[in-house]
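Chains here go by letter, A, B, C and D, matching the order in which they are written, and residues are numbered from 1 within each.
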Amino acid sequence: MAELTYREAVAAGIAQEMARDDRVVFLGEDVAHAGGVFKATVGLLDQFGPLRVRDCPISEQAILGAAMGAAMTGLRPIAEIMFSDFLAVCWDIVANEIAKSRYMTNGQVSVPLVIRTANGGGSRFGAQHSQSVENWAMAIPGIKVVAPAFPADVKGLLAASIRDEDPVLFFEQKSLYSFKGEVPDGEYVDELGKARVLRQGKDCTIVALALMVHRALEAAEILEREHGISCTVVDVRSLVPLDTVTILAEVARTGRLVTIEENPRLCGWGAEIASIIADECFWELDGPIIRITTPHIPLPSADRLEDNTIPSVARIVQEISQRID
Amino acid sequence: MTGTTPKKGAAPISEIGSETRLALFRMQLELRLCEKRAYDLFLQNLIKGTSHLSLGQEAIAAGFGVAMRPDDWTFCTYRGHAHTLARGASMTGVLGELMGRECGLLGGKGGSMHLTDVSKGAMGSYAIIGAHLPIAAGAAWSAQYRGTEQVAVCFFGDGTTNIGAFHEALNFSVIWKLPVIFVCENNLYMEYTPISAVTAVEHPAADRAAAYNLERVVIDGNDADEVYRTATKFMNRARQGGGPALIEAMTYRHSGHSRADPAQYRPKGELEQWLERDPIKIYRERLLELGMVEATLRDIEEEVTAQVNEATEAAKASAAPDLAGIHQHVWADGGAAWRN
Amino acid sequence: MAELTYREAVAAGIAQEMARDDRVVFLGEDVAHAGGVFKATVGLLDQFGPLRVRDCPISEQAILGAAMGAAMTGLRPIAEIMFSDFLAVCWDIVANEIAKSRYMTNGQVSVPLVIRTANGGGSRFGAQHSQSVENWAMAIPGIKVVAPAFPADVKGLLAASIRDEDPVLFFEQKSLYSFKGEVPDGEYVDELGKARVLRQGKDCTIVALALMVHRALEAAEILEREHGISCTVVDVRSLVPLDTVTILAEVARTGRLVTIEENPRLCGWGAEIASIIADECFWELDGPIIRITTPHIPLPSADRLEDNTIPSVARIVQEISQRID
Amino acid sequence: MTGTTPKKGAAPISEIGSETRLALFRMQLELRLCEKRAYDLFLQNLIKGTSHLSLGQEAIAAGFGVAMRPDDWTFCTYRGHAHTLARGASMTGVLGELMGRECGLLGGKGGSMHLTDVSKGAMGSYAIIGAHLPIAAGAAWSAQYRGTEQVAVCFFGDGTTNIGAFHEALNFSVIWKLPVIFVCENNLYMEYTPISAVTAVEHPAADRAAAYNLERVVIDGNDADEVYRTATKFMNRARQGGGPALIEAMTYRHSGHSRADPAQYRPKGELEQWLERDPIKIYRERLLELGMVEATLRDIEEEVTAQVNEATEAAKASAAPDLAGIHQHVWADGGAAWRN
């Protein structure tokens, strides 16, 4: 085990797969010579050369379209969309082309590619560079959606995504890039579609994703210590496929569900999970389902404002301590 | 006649062999008769949904179809029956798909606008304007990366030149020198709006070639020989690492935009003028001029008619798709499960 | 009252507002001379002339961008995006620009415009021309979302949307264009954000939108007649603002909620409503919340396949009769 | 020096009056000193988040700023401090916004990348590449429709010319003959990638003008006089119904792309060469050459310095924004409610 930052784990995951498989190529804006604006791909150009690691013009539709065409014809591209907000400028390629082609062609076409993108707030970048859009992706049939919270998961799930025969939208959490954690050495491949129970309690199950996992864990400590509320924390890790087995089991055990979402409220991924629980786990529920989300607003920029929109540890503690006993 | 008057005249026979010429004739006929049949079938209410015919535009699909290598790739639009057939996709598969039958190329799941036959290099028909240009570039990238000398050919309409993806794909392909040929079929209209009413330049593709450091190429899209020659020239160049081309082929669709469209927005007489330049009519005349025997052409016509009849019967005989298909092929594992 | 088709009601609503207010302009592809591919805007060019009713190139980003710029500077544009699937090619303008500008500028910028678009399946058009994407829109903070089921609502809600100071995404149901209904004569303006209870029952509350409202009503008749199950049917009409008062009250009364959604399952609008009910109405619930949706797949094209994906009357009857007593 | 060597030489004094020249000098200085201050403030960690300076590019914002009518509209990018100030937006408001203070132009809600002052015609800074080009076209449409003779001016970078929205906006504006001026500030780089590495033509904007039936215009973007003259000429034409223009102004940013960027991707010596052509340096020299008195310029420099100091203090003194603002101005009713 080595200690890596989340950003180093990105480069490590890509490098592992590029070394193993010639078909893996990587493209994006400022990703090669500059190593990415978040420095998550530093070193790849040197290691794999300019035919496999390519800088692109500001042409997101061309980047993802090219990735798709290459994937259909035998390559395994990794495309970077610098900020997840920019998925909006190439959403057609994601939602209408990449996601639908296998189905529309009755299985003739495969699109094994990974779209990596920096997601989420906390950097005071304002409403067009801070969004959490994992729920946009989850709403599209035909695309897998992964969002790791820890460096080890970054490496393992990224490797799994690259090896997957289906297209994967891989959300990296902007404000976790410098977060450090143990990462297995050598070849490391995880499995998509498995949630992870990080902590077990008896009063309530908190289901969280990416940055919110860290806040949920911290909040759970405080809830236990200061309020005597004992929480399970589940890291969803992948929204599609969704590990409903784990989530249903954990909610059944505690009788309560709280989702912590960074996406704005309406049609967030937590709503989907809430609706599954409210159907399939209804009789095990001991009280209302609670969703803690960024309010349904564009994200403000100033530090004081931003800190009061994305769910904070304090807000999680407050909501849960007030509503769960 | 609206648009540029296409250049006249047959190629010297030396350039294009008579076998190729007969292939061009046959293929144009296949596309024509199969699409006419599609029209009949929807008059009989056997084709549901929409359907976009390219009657009158056959010389382009055929010229490229004959010139392409079997392992080259075609990317086309919702108006893609001809381009898909031109790669050798089965007529039964095409008509079956239009009719929503089990035997359809896509098992009824894609429909008229998404015809695909990967085994023939027909890499899909795309129904959202512009998207398939960068996708074709990506296929070309894959050929370049692997050194296979395959070429991707991407067909689209005049109206498509005004959407953003066109611009991105062209610039991208040129800077990476990708083996992709962009073929704009300028049939003078978007859906119902003349392209001239919404475009800043006369030739929506060719007049933009310089913006991507490409040569300006306008050809007569109703002349299969000219299309074939142009296709061969630029595909050869692309295979040798010479990069992309942008070709504007002037043509005209005889029918409306889609089955719902009576095409009343056309000025009087325009259709008639273009019917005079029907690609199959002029090609037949040329073959005779060049000394082919009438009987040879008749034989081909009869063979193709029989082929279309047979395909029609086979498609009609095919069942509606099994409902199990609904939940198949979302994912590579063959299924549709989003949860465990 | 006159009987109008749904498509005639579109033209009537636009004409009413254009006649009243010079600032209202209308743009889109094939909308002027051809009167729209769905013939929903026939006659407007003749009535209001080519400066106010304009045909555009296939440039959806330019169309919505132009509408936005015009709205910011005093006009009240109505822009047509021919099929709602095409929102993906201009999603940046919708989600990142139109929706966020007022907030980001602290209220300086107003974007009073309406985006009309043909939504939904049933026409055998396949996966790229049949989607129900009302949930995409609902997920974006800063945009109102309206989806009428009846011609009268088309006219009244369209007029209200045009007069609204905020941007509105107005989903017209493709397969309802030829549906006929009574429409009030003369000036008629409805109110955004009000659901409508179309039928009251005691066993369960069905919440539906657009085409699904019609299927819900039909299913409710059959459920009453053949299964003795008495259903309330609520037509949501507008997803944003959402009339939670009406929905909460009706669910509380019946103790059960069933949503009928044409959008594919994950992160559909019904999930949001389910999560609200599972929180705020939990103690009044007598049983699980049920969502009936299009499965989470791209839409198939063949009639037989398509008819078995979008929720049908038969499927609604079956689900409810099996699960509610 | 990379890129095109800009043309040399001062305009004859007769063309641009000395009052205008002093205004151009003062405005460039305001932009420069205010942005330098912004840089100091983030070194002091008083500016959080990102911030994109246009040090070295001031002649463009200033040349247009002085030439525009007060009721004209500016649309700019995340690199928009200068363009916003050039319309007369308050320095306190700009610095306050960068610092996330209550006095900020946007009350701290937008941040550095979204500076807007509608009261001054500064219609917004847009942080997603390309989007504001069609939006500017829309404003121009509104001016045209109402016959107000207002002009929309849209600033963007060289990298922006490769995104789809650029293409759509240009074509759209030309066919509708909209009074909009597209100004490409070619500073030779996207973020860290040279524009020449990713563009099919040498001049990313000007070499595409013909694709929209527009005149090819390349100017020296470091010469405020040349910018002013070009702005005046094309804005006048646009006001009179002559339609849009696309101007490529050659320039260079002295700093990195954003606060995080040390700009090490630049070839050695490139910055130094461009510093020789610093727009303020050459403009000052020109004014002296043309007979302005040193003392006048000194006075202006002192005034502007004082102005920046004052604005800095005012911004520093301003409180963090009230939390209530979080839930304000999503909607026209002033609130954020999505439900009743």
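One rule holds for everything that comes next: a residue touches a chain if its C-beta (ideal position, glycine included) is under 8 Å from a C-beta of that chain, and two chains touch if they have at least 3 such contacts.
Everything quoted here is computed from the prediction, not taken from an experiment.
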Centroid comparison with subunit A (C-alpha atoms), farthest chain: B
Candidate from C-D, A-D or A-B with the same interface as B-C, over half of contact pairs in common: A-D
Approximate Å spacing (C-alpha centroids) for the pair subunit A, subunit D: 36
Mean-CA-position distance for subunit C and subunit A (Å): 30
Geometric centre distance via CA averages, subunit D-subunit C, whole Å: 40
Junction residues of subunit A, two or more chains touched: 56-57, 59-61, 85-86, 88-89, 92, 96, 103-104, 126-128, 141-142, 240, 265-266, 296-298, 300-301
Interface hub residues of subunit D, defined as touching at least two other chains: 106, 109-110, 114, 126, 128, 130-131, 162-165, 168, 171, 175, 197-199, 325, 330, 336, 338
For the subunit D and subunit B complex, residues of the former touching the latter: 130, 162-168, 170-171, 174-175, 197-201, 207-208, 210-214
Residue numbers on subunit C that touch subunit D, as the complex places them: 25, 51, 54, 56-57, 59-75, 77, 92-93, 96-97, 101-110, 112, 141-142, 164-166, 193, 240-245
Partner subunit A, residues of subunit C touching it in the complex: 85-86, 88-89, 91-92, 94-96, 99-100, 103-104, 126-128, 135-136, 138-139, 141-142, 240, 263-272, 274-275, 277-280, 282-283, 285, 287-291, 296-298, 300
Interfacial residue positions of subunit D with respect to subunit A in the complex: 48-50, 100-101, 104, 106, 108-114, 126-131, 159-160, 162-165, 190-193, 197-199, 260, 265, 320-321, 323, 325-327, 330, 336, 338
Subunit A contact footprint on subunit B (complex, rising order): 73, 75, 105-107, 109-110, 114, 116-119, 123-124, 126, 128, 130-143, 145-146, 152, 164-165, 168-169, 171-172, 175-176, 325, 328-332, 334, 336-340
